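Since the structure comes first, as structure tokens, the remarks are kept for the end.
We call the chains A, B, C and D, going by the order they appear; numbering starts again at 1 in every chain.
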Amino acid sequence: MSAPPPYDAQQLRHLAGEIITHVRELAAAGWTPATSSNFSRRLDAHHVAITVSGRDKGRLTEDDIMVVDLDGQAVGSDHRPSAETLLHAQLYRRFPEVGCVLHTHSRVQTVASRLYAGAGRVRLEGYELLKAFAGNTTHETALDLPVLPNSQDMPTLAAQVDALLDQHRLWGYLIDGHGLYAWGRDMAQARRHLEAFEFLLGCELDLRNLGCTR
Amino acid sequence: MSAPPPYDAQQLRHLAGEIITHVRELAAAGWTPATSSNFSRRLDAHHVAITVSGRDKGRLTEDDIMVVDLDGQAVGSDHRPSAETLLHAQLYRRFPEVGCVLHTHSRVQTVASRLYAGAGRVRLEGYELLKAFAGNTTHETALDLPVLPNSQDMPTLAAQVDALLDQHRLWGYLIDGHGLYAWGRDMAQARRHLEAFEFLLGCELDLRNLGCTR
Amino acid sequence: MSAPPPYDAQQLRHLAGEIITHVRELAAAGWTPATSSNFSRRLDAHHVAITVSGRDKGRLTEDDIMVVDLDGQAVGSDHRPSAETLLHAQLYRRFPEVGCVLHTHSRVQTVASRLYAGAGRVRLEGYELLKAFAGNTTHETALDLPVLPNSQDMPTLAAQVDALLDQHRLWGYLIDGHGLYAWGRDMAQARRHLEAFEFLLGCELDLRNLGCTR
Amino acid sequence: MSAPPPYDAQQLRHLAGEIITHVRELAAAGWTPATSSNFSRRLDAHHVAITVSGRDKGRLTEDDIMVVDLDGQAVGSDHRPSAETLLHAQLYRRFPEVGCVLHTHSRVQTVASRLYAGAGRVRLEGYELLKAFAGNTTHETALDLPVLPNSQDMPTLAAQVDALLDQHRLWGYLIDGHGLYAWGRDMAQARRHLEAFEFLLGCELDLRNLGCTR
């Protein structure tokens, strides 16, 4: 007889269902091409539910969700967590109030990451949708979305993220040639932040295409 | 025993169903990113059904629809109406024949609003689809879609809209960095106007991208 | 007791079902904005089934299909046929082998029509998909898609179309600021022609955007 | 009484189901316009299941799948295999480990094929999604996607492909004005390669549009 898991299995099931519903929608929108992207929800103070590496996000089932601890190590599972699990765990460790991390690879996100990699940030300014970010109450503000250099070395990436988080409150960052991380209190807020970044990056690319530099 | 509501509850239910059907379609098209946008239908001479602020428009249910009076105050509900409710109420107050107001945030609308904010209007000319606007019977016409500066102060915005409505018959306006308001006699006509504006703004952006300034 | 209709009611039902299925797909793709566009199928040597003017193409039902004769006059119906019915009837009258006419308003079609109105045609050349047009067996060919000036006077438009048809075999034409007409032996072939035009026009716009003029 | 087929009919049924599911998704994404594109799965050492030429890919059923041998000849069927069947058979003959070949015609693929036909290749470099190709473990790499001249003569095209395969390991190639071939061990891997090519070509076109040449 195996020991019970060190987390609430009922709650895992609930969060897995939520992840599956939302990730299938993001996959249908084309934001998770070629099995890329990963998604997580905080289970409790010590555990996180996260998608298993390399699964087709448009066909996600409960078998594609695993549990890791806040160091990103698998708990009660033989599945290999994605290398990027470390970047999820980092946010849960640092911010007890963070309950959801979404990492996607839309074409807009990837193109913007390359275009603004040199500048190291995308300035988002004067949009009503800036109010979608928790804590913002007006469009008369500016938000800098950082763009980090890509690396296959996760501790290096994590250290760069930590340095950014020491400076500002953030709801997301881009990695060059790669994609976007966005997070929030729960799935609804993280998804709202993700959609707002995608939308605003898309507007910035369109305006640049149209020769509108402001 | 609570008093009956001061409106026809059966009719509210009917209109809520109609709003839900149409808003889910608009959400699926990506016109309501990050819980933005709001939608309303006239219930009677004194009441309007309108979406509650901040709800996910792709998951709208009857609980996400509330009733306000023509001053934009909640009726029989503890929900907070969106600040923008005032812009809906303004149209219902001014035009007894208006039965539906749709406010969306598509990428095309937001990009066009920024691009044409300086000019204060988008001139739409020579398109067959101009016939989609009530009262137009030919493509040999021009329609100016106004672009207002954005403001978090709704009475200021409403005063600017009133000044425009004093000058011309309008079926919609843009707010800079924000989105589009469109309206009509009923849902079908308001939606037709909304789709026509979205389509024509998209054509204008494409033609400008292609270096076609006419 | 009313007289039986002068056409096969069973066949009308069958064709209406086919039209509804295909038009809903075209509407979902965004090719019929703001209740625009119309669609028809030959019923017999003297009758055509065609969509009623002004109906929402994403919600089409049997009630939105009417019968007209080859002069475009309503048969057994009080519905008003669209003014553009004349352009459908013209093709059925001229070509006994034509069984289906599809008229859509996609953004690509409208933008291309404006961009190439001056030239009076879009030259499509070197694409494998040219083989989608009946009678073509190689990509080593060129096809000119005519662009006609728009007019609210249908007999004028029809005369211009007739002059074109006197010169070349055609499977479609654009009207400036308006949209595309495409046709074929049956729904499958007309839809194939429609999709091929849409695809090739989209490629031409993209290549022009990318500065590739060839 | 007819002889049993020289392949496992049960396995054919299974693979046909898989093809139908995936091809309908690709059709819904618009990658198979105007009945174009074809798709195959290895059945055994001598047989391949492949889509019948000219069928509507959004409505695929079991009747639209036929069996060919590794020379591309129909087995137990009167259906005509597509001329391009030869390009599928070539890959199965040459690589015993290849189990799936997908050929699509998205707008991005066709536009990229024309834009890069002169260079003969598209260089894909610095993208995280390069890791989607079997054998790649880092974004710090470059992959050249070849672009072949189009030809209606399949042996000519096949000889050009063979020459490329003699030089490099490949997971796909473009044909000018035509589309993309991508392949892999099984459907999941071939689809992952296909989606990665589509995504990366889309990014390249967007970056070029934005004046980012690197």
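Everything below uses one rule, namely that contacts are C-beta pairs under 8 Å (C-beta built on N, C-alpha and C of every residue); 3 or more make two chains touch, one makes a residue touch a chain.
In UniProt terms the chains read A, B, C, D = Methylthioribulose-1-phosphate dehydratase.
None of these values were measured; they are calculated from a predicted model.
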Item checked: Those chains which touch chain D and also touch chain C -> none
Margin query: Interface check for copies chain A and chain B. Shared numbers divided by all numbers used: above half gives same, below half gives different; which is it?
Written below: different
Check: Taking each chain's centre as the mean of its CA atoms, which one is farthest from the centre of chain C?
Finding: A
Checklist line | For chain A paired with chain C, centre-to-centre distance based on mean C-alpha positions, whole Å | finding: 45
Margin query: Suppose each chain is reduced to the average of its Cα coordinates; what separation in Å results between chain A and chain D?
Written below: 32
Check: Multi-chain contacts in chain A: which residues touch at least two other chains?
Finding: 209
Item checked: Overall pattern in which the protein chains touch one another (line/ring/star/complete/other) -> ring
Check: Could you list each pair of chains that touch, in label order?
Finding: A-B, A-D, B-C, C-D
Item checked: Residue ranges of chain D in contact with chain C within the complex -> 30, 33-36, 56, 58, 105, 107, 110-111, 114-115, 150, 152, 175-179, 205, 208-209
Item checked: Interfacial residue positions of chain A with respect to chain B in the complex -> 25, 29, 126-129, 132, 137-140, 188, 192-193, 195-196, 198-199, 202-203, 206-207, 209-210, 212, 214
